[in-house]
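Each structure below is given as structure tokens.
Each of the next two complexes has subunit A plus one other chain: subunit B in the first, subunit C in the second.
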Partner chain A sequence: MATPILQVRDLRTQFMTDGGIVTAVDGVSFDLHQGESLGIVGESGSGKSVTALSLLRLVPDPGRVVGGKVLFKNQDLLQLTDDEIREVRGRDISMIFQDPQSSLNPVLRTGFQIDEAMLAHGRPKAEAHARTVDLLKQVRIPAAESRVKDFPHQLSGGMRQRAMIAMGLSNAPQILIADEPTTALDVTVQAQILELLGDLNRELGAAVIMITHNMGVVAGLCTRVIVMYAGQIVEQGTVEQIFANPQHPYTWSLLRSMPRVDAVRHERLRSIEGIAPDLLHPPAGCRFHPRCPFRIEKCYTDEPVLEEHGPDNLAACWVTMDRARKEMGADDLVDIRPGAGSGVHKGQVK
Partner chain B sequence: MATATTTAQVSEAEILPEQQTLWSDAWRRLKRNRLALVATIYLVFLIVVALVALVYTPYRMSAVGIAPTYAPPSAAHWFGADSIGRDVLSRLMVGAQVSLIVGVGTQLLVIAVGVPIGLLAGYYRGWLDSVLTFIINVFYGIPDLLVAMIMVFLLGPSLTNIIVAIVVTRWMDMARLMRGQTMSLREREFIEAARASGAKPARILFGHIFPNALGPIIVQATFGVPAAILFEAFLSFLGVGVQPPTPSWGSMASDGISALEYAPHIVLVPSIALSLTLLAFNFLGDGLRDALDPRQKR
Partner chain C sequence: MAQAAQIQPTPSAGAANALVRVENVVKHFPAGLGTSVKAVDGVSFEIREGETLGLVGESGCGKSTLARLVTQLIPVTSGHVFLGDVELTRMHGEKLRQQRRQLQMIFQDPFASLDPRMTVGDIIAEPLDNFGVLRGRKRNERVQELLRLVGLNPNFNNRYPHEFSGGQRQRIGIARALALNPKLVVCDEAISALDVSIQAQIVNLLEDLQQKLKLTYLFIAHDLSVVRHISDRVMVMYLGKIVEIADSVGTYSSPKHPYTKALLSAIPVPDPKIQRGRRLVELSGEIPSPINPPSGCRFHTRCPIAHLPTPCADNEPPLEEKVRDHLAACHYSQDV
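Presenting the complex of A and B:
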């Protein structure tokens, strides 16, 4: 593959709290290729959102990016001046947020806010205005011509998120970061928004970074997956590999705890034992060891590093699931990707 | 066929949410508040009177001896005459101009000074906030009447200088309000979204935060108007306000105070006008505060 469009190297972001320093993103490195769709998954507090905010230097106080590199087209975004990074935001890399209810300004007309995103990057007013209607059509908002004059509260949640996506796309960015874009929406609307993001990713060729805690979202949209736990990447791989053959016990537990329509009836929904670690005092050794069913002596003391466990697969684990299955009796997983042939649909899949 | 179309149109109109903005919503709620509505009508009347006084007063406001001195209210002179036989009604009408210009003028200037200071302090925080907050507190600490009197004394007692003097002693409330508003608004997600789309700080401050704080600003300014009018009346009463022959309600009351026993109307008329106006602005402010409160969805 060609050179990645975005190279993140050893990114570290800390929050200086009253209780001490919390390292929310701890040495994260990954590549993003042109037109690719990358999922970053993890539970609340795993540092996935802060990672996304760090890329554009939008981390709120008292947080600060303290180290690493974010190379976009061979320039380090972390070294740019405030004016330079502002030019990158919204033009080269844009971001859409979790709650469309609160990410549109309630007192400004929706169309005006989309115009503004283009005006901020020097597009002439008339052109921006004309493009806004086109964008709203592109994100499939019905009656786009009249909707531009609406205030955000006159739009439904789904429409608001579509408007946010239109705003994100307004300057034809090369990277679109979507921070849990469907969490605040109801399920049918979620599916529509995901489908829209997928189509736009294919049609426009913009790379998408999808931040989510929902494995199903990743399965439907992404080609590559990063799994984060306690501020670090624990596993990275293609979507096929992650879903069919995860190597990190955390990834395995995440997949196993998903509710499934084809599960044996009356079986209790499985959860991951324990709670996410306190990042003020992260556990020694592997950060997942207190909750890991397959831990060994070494996990208590030595921190694992990301190692290659297969083609295009990295995992930070001393045991890995291959060994856990062979020696410790871990369950096999059923691949849940659409069309991957789970139990119920087996007969219909080629 | 025709009926079918009509039905379709009607049902569509019912389904689509009414095109309501924050402001039309607020206006609807304000109209339902009786006191605020009466206050609004009174203030509109006052503005009309002040405008009419530009081109017409029953008598020339500075004409001396057109009525017997201390003449009580009569058909020819509705509010009587003052100590040198000037028509009180004519002077009251011109005085309304002074009061409205002072009241509205100071608040516009207060907004122009207080809002940017509050925005900067609330948005950037840190040392800038500390410095600006310190300045605000220093201004709170100085006695306003003394400063206003010294300023008018030094600059000369023109209407503009009186307005400037009142602004100097009264801008801090607005700055403080705006600072608080900014501090809470800057944490909202749409500000983060605006930053993520590459908006410049000036755009975020004046294009995003300011319009969201407009409700509280308007309420604060509405309460500021009567305070400024009263302050001007007080200065004029003390003789350091608007200078003769231009009448101010304060100086009119001051003129009549020596004749309070046998010609009380000279004091009462401007005092009642002043009281009614202050009351009306306060009722309007109250009504606006309720009408612009987003939590109150009635």
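Presenting the complex of A and C:
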């Protein structure tokens, strides 16, 4: 396989809070290949957004990237000077955010704001202006010529997000990071934006990192998936493997806890007992063990490492679902309380 | 507005087991210069005793306004809301307040809906205090009973909301809604702000409570997968109108309104094999303004199967029974 365009190694980001140090991203490593579309999924507080912000050194105070490497074109983005990283942002790697309402400046015309993204990287004004109209057409905004003069409040939520995507694409970046780009939008608009991102990914060949809590979004758009829990990667694999044969109990539980619009009959949802850990005091051993139905004694003390469990599949689990299926009858398990499958400290939530 | 008079009440209206009946309810909010936002514009339906009626639609379609009309938190512009045989829309003041004991709400934001300076015990007991129902030790016992009912430690009554997670706060909101033994609980996006794994916990809790306490739910959400899961019947709204009502299996497996079909096609399914093969029904344009809704069928400006100009842009389709217990407001429902 060709060399990845982005290599993240052992990334660690901490927040210095009054209560102590919170390690929001704790040793995250992954590769991003040219033109691929990678999903990072997790619940709130899992560290998925902070991971994305850390790549571009955009972590707000009191947060700080304290370790690791982010290798892009053989240079470590974490070692660049402030001026150098500013050159990379928006030109080589650009980012779109959840809320298009607050990402655009309300007192500046939409077109001007897109021009600005190109002017910042040295494109001549006339050329930038012409390209803005093309970009708006590319993201399928109707009547693009007149829309460039609109203020953000004159656009609908979906159109604002399209304008943000146009801005993100303005310098033809190699990587587009989308942080929950459709969460604030209605489902019909979400579907349109996802289609647009998919098309752009194929047409322009820019790699996309899609950060989301919605497994459905990942299923439609991504080729590879990273699942995060409590600041760490718990599983990584192809989209087919993650959905058909997840190896980490958290991935497995998450998929089963979602009601599906195409469900045939009413089944009780298999929720995950307990709540995500407080990262000020993360649990010892595996961070998922207080909620895991398949925990064994080792999970209480030893932290599992991300290991290969199949082609293209990494999971950080001492048990893995293959074993849980074979030995603990995972597929027929009705009781989903912690320890229910393995019988270790059954039902105790710490 | 002239078309509002054409709306037929649902054929089954008045059935013996209807807990709440809504007839031709209209809510217009003044928007200046003599215009008004037609948030809910001639809506009729019933909520049957013991069922969960799901209400879906995109932002701005009027679903939250409708919830507030059903609970009579805001007055109707015209139309009637009945609770059993009692007409709420004719009541005022203390009489209405007493009726409202039977109608409770659970809100979306578990952070904004709990007073940060009250203890959990006082929050849950506030409805009891408001109606002077229980005092002293009986009151505290009821609070502890409610906490146990929603799966929280009964000794948490002296703690404050900030000590709890989002899911736990939503449980507190549920306990408060149940304090007065209501008949109808309106859940307005009650799980939308929660994480996936916590959503499942709360959905399961709501289902358990419904069985145990014989509750009736009006469950409002924009997440169609959750609504399908929890609801017996589902009602779809577009621009202040109901476009379809049917049991949840019917709505999802054979929608009779093109808007419902488009909405369903837009929900991503968490399975790459299926999701890749699904086709999105694209809607052209944006949702029109509720100040000046389109003529005839309000959906005609975006409808993929509209026959234009007539009848779709001229005549408003009535909400009528297309197959047994499956109502839709569409001239061409057989083509959906």
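Here, the second predicted complex is superposed on the first by the 327 of 350 C-alpha atoms of A that agree within 3 Å, B and C clash if a C-alpha of one lies under 4 Å from a C-alpha of the other, contacts with A are read in each partner's own complex, and residues count from 1 in each chain.
The rule is short, and it goes like this: a residue touches a chain if its C-beta (ideal position, glycine included) is under 8 Å from a C-beta of that chain, and two chains touch if they have at least 3 such contacts.
Just so it is clear, the model here is predicted, and its values are computed rather than measured.
A.B. asks: Would you mind checking whether subunit B and subunit C clash or fit side by side on subunit A after the superposition?
C.D. replies: Here the two partners, once superposed via subunit A, fit next to each other without clashing.
A.B. asks: After superposing on the shared chain, does subunit C or subunit B touch more subunit A residues?
C.D. replies: C
A.B. asks: Pick one for A:167: touches subunit B only (first), subunit C only (second), both, or neither.
C.D. replies: In the superposed model, A:167 contacts subunit B only, not subunit C.
A.B. asks: Between subunit B and subunit C, whom does A:192 touch in the aligned arrangement: first, second, both, or neither?
C.D. replies: In the superposed model, A:192 contacts subunit C only, not subunit B.
A.B. asks: Touch check for A:81: first (subunit B), second (subunit C), both, or neither?
C.D. replies: So A:81 meets neither subunit B nor subunit C here.
A.B. asks: Just to be sure I read the superposition right, which of the two partners does A:103 touch: subunit B = first, subunit C = second, or both, or neither?
C.D. replies: It touches subunit B, and subunit C stays clear.
A.B. asks: Thinking of the overlay built on chain A, is A:154 touched by subunit B (first), by subunit C (second), by both, or by neither?
C.D. replies: It touches subunit B, and subunit C stays clear.
A.B. asks: Looking at subunit B versus subunit C in the superposed three-chain picture, what is their shortest Cα distance in Å?
C.D. replies: 7
A.B. asks: After overlaying the two complexes on chain A, where does the subunit B footprint on subunit A coincide with the subunit C footprint?
C.D. replies: Looking at subunit A, the two contact sets are disjoint.
A.B. asks: List the residues on subunit A that touch subunit C in their complex, please.
C.D. replies: It is residues 43-44, 156, 158-159, 186-188, 190-192, 194-195, 213-220, 239-240, 243-244, 253-255, 257-263, 266, 268-273, 275-276 of subunit A that touch subunit C.
A.B. asks: State the interface residues of subunit C toward subunit A in the complex, per the touch definition above.
C.D. replies: 58-59, 165, 167-168, 195-201, 203-204, 207, 222, 224-226, 228-230, 252, 262-276, 280, 282-283, 286
A.B. asks: Contact residues on subunit A for subunit B in the complex?
C.D. replies: 56, 58, 60-61, 86-91, 94-99, 102-108, 116-117, 120-121, 151, 154, 164, 167-168
A.B. asks: For the complex, give me every residue of subunit B touching subunit A.
C.D. replies: For this pair, the touching residues of subunit B are 17, 19, 21-22, 125, 187-190, 192-200, 203, 207-208, 211-212, 214.
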